[in-house]
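Listed below are the structures to be examined.
Each of the next two complexes has subunit A plus one other chain: subunit B in the first, subunit C in the second.
The block that comes next holds the complex of A and B.
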């Protein structure tokens, strides 16, 4: 799994915008004005590169609302229209 | 040797109270909706967790050394079952209750992802019972309970938790949300569009 990377699932009904995940995964997530995460690659389930899977799992464990899930498969294709942000 | 056990138990008990105070204060403050000054957001729960695990270790030293201390004559059952012991049953029982609650809090927190956030949070409210029980236990049965320095330490502990409560309850402005008022639209990064369940932005 970690050879191909993973993807991040955000449970929006559980998320309260505490903002921890955006701090821990700045390469993947930006933060909006209320603390909610924003996918930098514009996907509903942003891609987690192989080298960030361990960090993503740490963020998953630390989410106060348990709203973050690291899913084993990387996202299927490129997003259709989502704009890309340069990595920070 | 007996003296050593007694002194170890007393010292570990006091340090446990201080650590539990830090844990409770961090736990209360982490719900304030804004990071603590000088710390990133994720640092508060990490400190909270590490301080609580440290407190459990010292609680183990406290309970373990006093179990083997010949003066109080504790039985193994007295460590878990409150108010049953022969030695100051009320004040000791408060400590036993706090010990039981701390054990439950730690086990459920380690299994938090399996319990689910709602069940875990309801159980975690027991922390608000465990900490005052520990404070009363220290004031009531500590060998040093009558001394001024122990009262001073206890007072600082109570003040710390009260300040954390004030930080959480008094500072946030519900009208503007936890991060203050939203930025004017012109200042927002146009490339960042909130995700919706319908999919990526077009």
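The block that comes next holds the complex of A and C.
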């Protein structure tokens, strides 16, 4: 599954900026002015390179707010990718 | 407006797109003299029974009908996505949380049966078990109630329609907030991982469709896709309800074809009062079109260079005596206050953007304010459960782009519009 990497989804309604994910995944996430995770690649759902997928899954399990999800597909190549479903 | 005016304004245009205007005096959505069912049926006939759902879906697709609630998503694709699931729910979304928009409540007042025909049709297309009218309290709810009573007596509604009251909040009409409210929870956006079209109300696939979209759907089913495309542009076919406010002689709701030059739309609303200034297009989370771009077509393609879109059809004409930076600061502060306070970047970033823009409007002589605004827009964009931060970012970026001379003046301690502020800033 992780051959092509993955992407990280943050449930912003649950995240309280505890900072654990930014510490565990420094390659992917920085921290913003207010303590919330900030995608280094600037995407709404940052890319998780193949070699970090297992690590990202650990962060997903350890998030005290359960606000992190590792989604199996890497992000679309275009930043504003053409989703087939309407925006929610 | 006379026919001559139309011709003149078309000739003036430099764009080569294929705008076909509504003939003078013509309209589609607001024609009925009375909003009652008998008048509705006399004008338009009964809604044809849905014999071939797949064919109608293809016709809607070919007609190019797109959502009139703001996002402009293709209606056929949304219908198809919801139809793929089990026992869907359909919702007529008339929450209209955008303060500068009045078209949905106008439609409830003048054409409730067009909305309800569209809701029944959408329900039949997706195989819905539940249909809901989501409306603000007051005249719109009263109109919906009256209309439903008429229709019950006439047996017009195969799917019974429930009424759910929309709170008076900017985000009340956001798709997932609508779902939350109908589930009996506060009308707040939810995380995007569960898509509304797949798992909306109580886990059922849910179609949330703006009431104007449903009204167009009811007409499209009667008169066909070719008729629907008869006005507008090839990219944005059909008409839309524009709410024009601000410095115009006759503010109000006007039905016009997509592609209408912005200046012609303002003429429909009585024309500018005073010297023309910039217009805010697309709503509070929209973008400015400067005064010298009156010929720009109000269409997706026409407005794109300005970072704007027709959205829900909102146009606010900035009064001659008003400062664009001040107006933008006030709107940004309003938007910051209307956030759902769920997502950290929005909850923190929007008030900070509003504060920084207000300092600029107050003529604080610090060039760093502009760079700070740009940094904050990058920090906030795309980082929330809904697009509230993104709309606010759009407005702030557009303000920085549209008013560079004003910004220079403010940074020099003067303003082209406002007198010197009182110390302490009462605003």
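Basically, the second predicted complex is superposed on the first by the 78 of 88 C-alpha atoms of A that agree within 3 Å, B and C clash if a C-alpha of one lies under 4 Å from a C-alpha of the other, contacts with A are read in each partner's own complex, and residues count from 1 in each chain.
Methods note: a contact is a pair of C-beta atoms (placed from the backbone, for glycine too) under 8 Å apart; a residue touches a chain by one contact, two chains touch by 3 or more.
Keep in mind it's a predicted model, so treat the numbers as computed, not measured.
Undergrad: State whether A:32 touches subunit B only (first), subunit C only (second), both chains, or neither.
TA: Both partners, subunit B and subunit C.
Undergrad: Tell me which partner A:12 touches in the superposition: subunit B (first), subunit C (second), both or neither.
TA: Both partners, subunit B and subunit C.
Undergrad: For A:64, select first, second, both or neither according to whether it touches subunit B, subunit C, the two together, or no partner.
TA: The answer is first: A:64 touches subunit B but not subunit C.
Undergrad: Between subunit B and subunit C, point out the one touching more subunit A residues.
TA: B
Undergrad: Give one of first, second, both or neither to describe whether A:20 is in contact with subunit B, with subunit C, with both, or with none.
TA: Only subunit B; A:20 stays clear of subunit C.
Undergrad: Following superposition on chain A, which residues of subunit A contact subunit B and also contact subunit C?
TA: Dual-contact residues (subunit A): 10, 12, 14, 17, 32-36, 38, 42-44, 84-85.
Undergrad: If you look only at subunit C, which of its residues touch subunit A in the complex?
TA: Touch residues, subunit C against subunit A: 71, 73, 77-78, 81, 175-176, 188-198, 342-346, 348-349, 352, 378-379, 382-385, 387.
Undergrad: If we count contacts the way the header does, which residues on subunit A are in touch with subunit C in the complex?
TA: Residues 9-17, 32-36, 38, 42-44, 69, 84-88 of subunit A touch subunit C in their complex.
Undergrad: Once bound in the complex, which stretches of subunit A touch subunit B?
TA: 10, 12, 14, 17-20, 23-24, 30, 32-36, 38-39, 42-44, 59, 61-62, 64-66, 79-85
Undergrad: Sort out for me which residues of subunit B touch subunit A in the complex.
TA: Against subunit A, the touching part of subunit B is residues 30, 33, 40-42, 45-46, 112-113, 116-117, 177-179, 182-183, 188-189, 191-195, 197, 199-202.
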